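Before I ask anything, let me first share the structure, which is written out below as C-alpha cells.
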Amino acid sequence: MTVEGDRGSRGRDIGRVWMKSDVKKTADTTAGRLRTEWAGRYMPVLGQVRQRFLKEKPLKGVRLAACLHITSETANLAQTLAAGGAEVALCASNPLSTNDEVAAALAEMDGMSVFGIKGEDNETYYGHINATIDMKPVITMDDGADLVSMLHGERKDDAARVTGGTEETTTGVIRLRSLAGQGLLRYPIIAVNDAQTKHFFDNRYGTGQSTIDGILRSTNLLLAGASFVVCGYGWCGRGVAMRARGMGSNVIVCEVDPLRALEAVMDGYRVMSLDEAAAVGDVFVTVTGDCKVLAGPHFERMKDGAIIANSGHFNVEIDIPALEKASKSKRTVRPFVEEYEMKDGRRLHLLGEGRLINLAAAEGHPASVMDMSFANQALSAEYLVREAKKLEKAVHGVPQEIDSRIARIKLETMGISIDQLTAEQEEYLSSWESGT
Amino acid sequence: MTVEGDRGSRGRDIGRVWMKSDVKKTADTTAGRLRTEWAGRYMPVLGQVRQRFLKEKPLKGVRLAACLHITSETANLAQTLAAGGAEVALCASNPLSTNDEVAAALAEMDGMSVFGIKGEDNETYYGHINATIDMKPVITMDDGADLVSMLHGERKDDAARVTGGTEETTTGVIRLRSLAGQGLLRYPIIAVNDAQTKHFFDNRYGTGQSTIDGILRSTNLLLAGASFVVCGYGWCGRGVAMRARGMGSNVIVCEVDPLRALEAVMDGYRVMSLDEAAAVGDVFVTVTGDCKVLAGPHFERMKDGAIIANSGHFNVEIDIPALEKASKSKRTVRPFVEEYEMKDGRRLHLLGEGRLINLAAAEGHPASVMDMSFANQALSAEYLVREAKKLEKAVHGVPQEIDSRIARIKLETMGISIDQLTAEQEEYLSSWESGT
Amino acid sequence: MTVEGDRGSRGRDIGRVWMKSDVKKTADTTAGRLRTEWAGRYMPVLGQVRQRFLKEKPLKGVRLAACLHITSETANLAQTLAAGGAEVALCASNPLSTNDEVAAALAEMDGMSVFGIKGEDNETYYGHINATIDMKPVITMDDGADLVSMLHGERKDDAARVTGGTEETTTGVIRLRSLAGQGLLRYPIIAVNDAQTKHFFDNRYGTGQSTIDGILRSTNLLLAGASFVVCGYGWCGRGVAMRARGMGSNVIVCEVDPLRALEAVMDGYRVMSLDEAAAVGDVFVTVTGDCKVLAGPHFERMKDGAIIANSGHFNVEIDIPALEKASKSKRTVRPFVEEYEMKDGRRLHLLGEGRLINLAAAEGHPASVMDMSFANQALSAEYLVREAKKLEKAVHGVPQEIDSRIARIKLETMGISIDQLTAEQEEYLSSWESGT
Amino acid sequence: MTVEGDRGSRGRDIGRVWMKSDVKKTADTTAGRLRTEWAGRYMPVLGQVRQRFLKEKPLKGVRLAACLHITSETANLAQTLAAGGAEVALCASNPLSTNDEVAAALAEMDGMSVFGIKGEDNETYYGHINATIDMKPVITMDDGADLVSMLHGERKDDAARVTGGTEETTTGVIRLRSLAGQGLLRYPIIAVNDAQTKHFFDNRYGTGQSTIDGILRSTNLLLAGASFVVCGYGWCGRGVAMRARGMGSNVIVCEVDPLRALEAVMDGYRVMSLDEAAAVGDVFVTVTGDCKVLAGPHFERMKDGAIIANSGHFNVEIDIPALEKASKSKRTVRPFVEEYEMKDGRRLHLLGEGRLINLAAAEGHPASVMDMSFANQALSAEYLVREAKKLEKAVHGVPQEIDSRIARIKLETMGISIDQLTAEQEEYLSSWESGT
C-alpha cells in the first residue's frame, strides 16, 4: 500500500514530507464541508474552545496524531486543534466508519493530513495509522488504542518522542490499563472516556440513539413488539436498552456481572443467559467490549430471520468465523445486511459485517454528545502540552475542573439555568454536628 | 409529459395498450427485488393471502388501478393482487415517496404497469394518475384520494365503469366522507384506514417509528433532551409523541380538540398552544391532516436552528409559502434539509420539503405494520369484487370479520397464543342478572 | 336487617319517611368532612356545575337514588345533586368500598339519606339498595347496575315511576345492554361510562394509579423487577399495565381479543396465554369484566408467594371457591392480604378478598378523574330531567355536547390553553378537492 | 424522660441492667410479628446470612447498638444479628419512622432492647439513643449518623470502647467523612451506603417507589398530568423522577451540579432553577441531603394547592420555620397533610411534617431492596468483628467481595441465571494487543 498513492492524495502541498493524505478521490468536498458545518452547529462547547484556541494558540507547533472515526464531528475537533496551533494528522480508527466526504473536505479545504477511506482493507487501515506516526507526533489521540498499540509494538522507536496521549473509548482504556498494569506504558494517557461529560453522555445517549438509527437504516425493521436482546449492561448497553424500549421493543438483557444484571432486572428488563435469549430474540446487539459474545452455540439456537449487530468497539464481539462455518451460504440482501443461510435453512442477518453498526450504517454519535467528548479531547490535549512531563506513565482521569466546566458551558448553551448552593447550604454539607 | 416516454418505459410489452410503465431507467432492479423480498419476510399475513389468491384467483380479470406510495411493501401488495388474477396499474400517491429500485423491479421483473419516479414534478405526478385511469379500472385503491378525486373531476367519464374502491388514509377518508356527504360519491369505498388492524398499528406504530427514522436520517440530531413539538394527537400524533419520548425528548403536544389535549396531559406531555410552543421547540412535527398548522406567526417565534417536519399526508400542513416569504434566502445543507435564513438571521430547517418525512427521508412504515394494512387492502378488493354491486355509494368500514381474522393470523405468525373465552365466560358477559 | 337500626341512623329527622340513614355510628364525621373537602379541591369541573345548580335548581324536587361507591368524591357529587334541588338517597355499590367517615359526614352534616357501612354483609348490602328504592326515586344512578337490576327483579313494581337512569361502569353498561337487547329495559339509561371524558380518564388513569396504590398499601411489594400479569387489555387493563411498567415491573398481558393482544405486543409487553403466564407471574391483576379469569388450573401453576388481585367491578374475576378448594388453610397475614396455603405447600396471597383492590385497600380513583366522571353524572341527571320522556327505553350515550364542554372546562381549570381551528382550516377539513 | 418508664418497658427481664425497652405499650405484637415475617419473605439474601449466622455465631457476645428506622425489615436484620450471637440494642433513627407493632413484637417476643415510639418528641428521641449507648456497645450501626455523633459529642467517653461501626445513608456518610476529614473520627466506619448492592437499589428503586407510595397514601392525588418537581438528581432523586414519570407526571428536575443537571435533561426531564420551578409545580419533593432547599422565596411563588414533601434523610430540606412565618394559619386536613394558609390566601400542603415521606406516610423501602442493604449491614458487622482493629479510623467501603456475593445470591433467589466469562473472554479483557 502506498499511502500517498493516487487513490486520494488531496492535501495541498504545504512543503512538509508528511503533509499528505489518503482519502477518497471522488468524494464531494462541498457536501463534506456542509456536513461539518452542520455538526458544528450542535457543538457549541467545542466552538467556545475553538474561539479561545484561535486567540491563545496553546498547541502552537505541537504535532498531534489522531486515530479517530473520521466523521463530521471529528472534523470539528481537528479544526479546533488546528485553531490552537497544532499540526494534525488524522487517520481512521475503524475501516468502516470514515465519512469520505468529510475526510476529503478536511484534506482539501483545511489542508490537513487525513488518512481514511470507508471500507478500506486491513492493510490500508494499518498503513494509515503508520502514516500518522510518520509525522513524528508528540501527542496521540486514540479511539480504541490502535495507534498507541502500534507505538508499543512495531513502531516502538517512535514512542520515545511522544509526551502524552488521550483515549476516547472504554475498550481503549481497558487495553491501556492492561498495558500500564504490566508496566509497559511508555507515556501518560488521559482517559477522556472516563470524563463524566464523556461516558455519561456519549456512551449512553449517543450509542443508544445511533445504534437504533443504524439498525433502522439497515433493516427498516419495526422495533415495536420485537424481542430485542442487549448483550452487556454497561453505559452503552443501558443506552441501547433504554432506546429499544422507547421504540416499543421488549428488551432482554444479558450480562456477566451480577450487579449490573440486577440493575437491569430492577429497570424492568428480562435478564437471562445468552443461551436462553438466543432462542427468543428477534434482534441481538453486542456492547460488551469483549470477544465472542455471540458465538456458535447461540447461532444454533436463533430463530429464522434473527438480526445480529454489534455496537461495541471492535468487530470481535460476534464470532463471525463461527457464523461463516455454521452457514452454507451468504449474500447481501440490503446495504449493510448479510444473510447467512444456515445448514438447517434458517437465515440469520448480520449487520455491517459485525462492525459498530452506529457508524457502519448510520452516522455515529450525534454532534451534540460528541461536543462534550471532543471538548474533553481538546482541553486534555492542551493540558498535556502543559503538564505531560509531570505525569506518571499511567492512565489518568480528565481533571475534574475540565469536566465540570464543560457541563456548565453545555447547560448555558442550552439556555438552562440551575441553582447554586448558598453559603449556608455549603456549610451544612460539610458539617457533621447537625442532625435530626 | 409523455408517460410512455423514454424516461423509463421498462415494462415488457405484453400486448395491451395500457401495459406501459414510467419508472427510473437507471434504477437497480436487482436491489429493488431484494428490497421487495426483504419486506415480504415481514409480511406473513399478506403472504398467506397471496398463497390462497394463487390457488383461488378471486380477482381474475379484474382491472385495478392503485395510487399508493411505491415502496417495497406496496410491491408485495401488487404481487398479491396479481397473484389473485388482477391486472394492476400502480402509480405514486406522492411525488417524493417512490422507491425507484422497487418500482423498476416491479415493472421489469413482474411486468406490471408502474408509474412513479421519486422527485417527479406535479405535472408528471398527475400524468401518472391519468395513466392508471387509462387502463380502465373497475376497482381503485387510493392513498389520499387523489385517484378517486380525479375520477370525480376531470376524468368523470371514467368513473362510470368503476364498481368500487378502497382508501388507505385518514386524510383520504375525510375527503371521501365529504364527497359522500355532498351526495357526489359515484361508487362505494371501503375505508381500509378504519380497520382496527390498520389504523391502530400503521398510524401509531408505523408513523411513530418511521417519523423518528426520517428525522434521524435527515439530521442526525440528538433527540435526547430536545424539546419536541407534536402538532396533532390523533393516532399518528400519539405514535410520534410516544417514540420521541422513547428517544429521550421532552415532548410538547398541540391540539385543537379538548379531549385529545386532556389525554396528552394525562399521558405526561406538556400541552400548550402553538404560539407558546413555537418559542420553545427544537423540533416540530405536524400530523394533523389539516392545512397551515405551522404558519407565519409560528416561524416568527421559533428559535435559531429549529427543525420543522411534516408527517401528515399532504405537504399543506406547513405553510411553506409563508416560510419562503419570511426568509431572505435558503440553501440545502444536508440531503432533505433546507435551511431558511430569516430576515433577523435565525435559521429554520425544513425537512423533505414539508412532505411526509417518513417516506421522503426514510422508508415509510416498516413492512410488519403494512402487512396488516395491505392484507386489509387485498381482502377488501376481494370483497368488493363479490359485493360492490350491493353496496351503497358511501364510505364503508372493512367487514369486522376480515379485521379479526387478520389480527388472529398476525399473532399466530408471531408465535403468540392467547386465551379464548369459555362458554361460561361468554354467557356471563351476555347476562345481566349476576351482580355483586 | 333493619336499615334504620341503631347501627347508624344518623340523619337529621327532616320529616320524611325515607329520610333515614345506615352508616357507621362511631365514624369521625369531621374527618369525613375534611376528606370530602379535600376531594372537592381536585374537582373544579363538578364545582362549576354545583355553582350553577345552586342558582338554577334544575333538579328541584327530583327524587334520585344513587348506588355508588361511597367515597369523598361521591360525596361531592351527592352535594352537587342536592345543590341542584334533588332529594338524594345514596347506597353503596360494593360492600367493601364505603368510606365510613365520609358516609357519616354526609348523613349527619348534609342530612342526606346514606346507606353503607364498609364490610357490610350481603344481606345488608341488598337491604341498603332496597332502602333507596323505598324513597320512590324517579331517577337512578348506578355503578355496576345492581340498583337497576333490583328494579327489574324483585322490586319490579317500583320501576314504573322511574323516568331514567345513569350507569357509571363498563360492567354495568354490558349488563344493561344485555337487558335492553332482550327488550326488558324499562326506562332509558345514559351510559356515563361511554362518555369520552369518563372512560378515557377514569378507566385508564384512575384505575391504573389506584390499582398500583391498592397493591402497594396492602403488600409494600417492590414492583421494580416483578413480573406483573395484567388480565385484560381494555381501558382499565392498559392503565394498569402502563403504571406497572412505570413502577419498573416487567409486564405480561393476557387477552382473549386478538386485536387488543396485538396492541399489547406493539406496546412492548409480553403477551401469552394465562396458562403460560400463571407460571411466571409474581403479581396478577384481573380487569376483564368477566368471571373465573383466574381459576383452578392457574392456581396450580403459580409460584410460591404469588400475589393475586382484582380491579374489575365484581369479585367474580378470581375464582375464589376454586382457590379455597385447592388450599389447605388460609390466614390473614397483613390487612387485605389472605395467605392461602396450597396442598403442596405453596402460599398464594389474595388481596382484598378479590374485590376491587383500588377501593378495598386504597381510596379508589383520585378526585381529579372522578371530577369529570361525576360532572357527566350531574349533567346527565339534568339532561334526563329535561329529556327522559323523549328517550327510547335503551342505553344512550352522553350527549357529545356535554362531553366536550367538560373537557374544555377541565383544561381551563388546569391553566392550559389550546388552539382553535381557523376558518380556513375548518374548510380544508371538510373539502375533498384539495390534494397533493 | 425515663426510658424505662411505664410507656412500654416490654422486654423480658433477662437479668442485665440495660436489657430494657421503650416501645408503645398498646401495640399489637401479633400484627408486628406477621409484618416482620411478611418482610422476611422478601429478604432471601439476609435469610441465607441468618442461617449461616445461626450455625457459626460470628457475632457471639458482641454488644451492638443500632440506630435505624424500626421497620419490619430492620426487625429481620436485628434477628439476624441476634442469630449471629450479638446482643442488640435498637433505637429509632427518626422520630416518625417507627412501626410500633414491629417494635413491640421485637421487644416482647424476641426479648430485644428496643427504644422507639412513633411520634416521639426530640427529648425522647435522644434519650433512646442514649439508652443504646448505655449498653456499652463495641459496634455501632447508624442511619444518618446520630448515634455516632452522640458518641463524638456528649457521650465521648463511651466512644473509647467502640471498635467499629457502619453507616446506612448518604447523609450519614457525608457527615462522617466530614468528621474524618477533620481528624476527629474515633473508630473506623464501613459506609454500607456505598456498597453497590445498597445505593444502586435502595436509594433508587426503594426511595423511588416508596416516595410515590407515601405521597399517594397521604394525598390520593392523581399523578398523571401533574407537574412534579424533584429537587436533587442523585440516586434517590433519579429514582423518584423515574417513578413519577412512570405514573404519568410531567417531571421537572432542579439540581446544583451541572453534570447531573445535564443527565436529567438527556433523560427527557425539564431542568430549571427552583425559582422557576416553584411557579409551575403541583408537587415538590426534596431529596438532596442539604438544608433549606425549599425556602421562603419558593413558598412565595407556589400555586394554590401545591404539595410539598421531603424524602431526604433529615427534615431540614424544607425550611418549615420560613413556611410557618409566611403563613397565617395551619390545620391538618388529612392524616400527614398540613394545610398552611398563606397571607395572600394560597394554601400550601406540607406532607409528614417535612420528614421523609416514604417512612412517615408509607412503609419505607420495600423489603426486597432492604434485603441487600441489610445483608451488607450484617456482613459488614461480621467483617468488623474480625478486622476492625486493623482498620484506620476512617470511612471505608464495603469489601468488594461482600458486594458481589450479595448480588449473586439475590439473582439466584430470583431464579435468574446469567453468563460467565469464558477463559478466552477473561484473557481478551486483560490483553492490550488485540485490535481492529
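Chains here go by letter, A, B, C and D, matching the order in which they are written, and residues are numbered from 1 within each.
The criterion applied here is as follows: a residue touches a chain if its C-beta (ideal position, glycine included) is under 8 Å from a C-beta of that chain, and two chains touch if they have at least 3 such contacts.
These numbers come from a predicted model, not from an experiment.
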item: Chain separated most widely from chain C, comparing mean CA positions; value: A
item: CA centroid of chain A to CA centroid of chain B, Å; value: 37
item: Rounded Å distance, chain B centre to chain D centre (Cα mean); value: 54
item: Whole-Å gap separating chain A and chain D, where each centre is the average of the chain's CA atoms; value: 40
item: Of all residues in chain C, the ones touching two or more other chains; value: 205, 224-225, 245, 248, 265-266, 414
item: Graph class of chain-chain contacts, one of line, ring, star, complete, other; value: complete
item: Chain A-touching residues of chain D, taken from the complex the two chains share; value: 93-95, 122, 125, 144-146, 149, 152-153, 174-176, 178-179, 182, 196-197, 200-201, 204-205, 254-256, 258-259, 261-263, 265-266, 271-276, 289-293, 314-316, 403-404, 407-408, 410-411, 414, 416-422, 424-425, 428-436
item: Interface residues, chain B side, partner chain D - complex; value: 224-225, 245, 248-250, 265-270
item: Chain C residues touching chain D - in the complex, by the definition given at the top; value: 34-35, 37-39, 41-42, 205-206, 208-209, 212-213, 216-217, 220-225, 242-243, 245-248, 305, 333-334, 337, 362-363, 366-369, 414
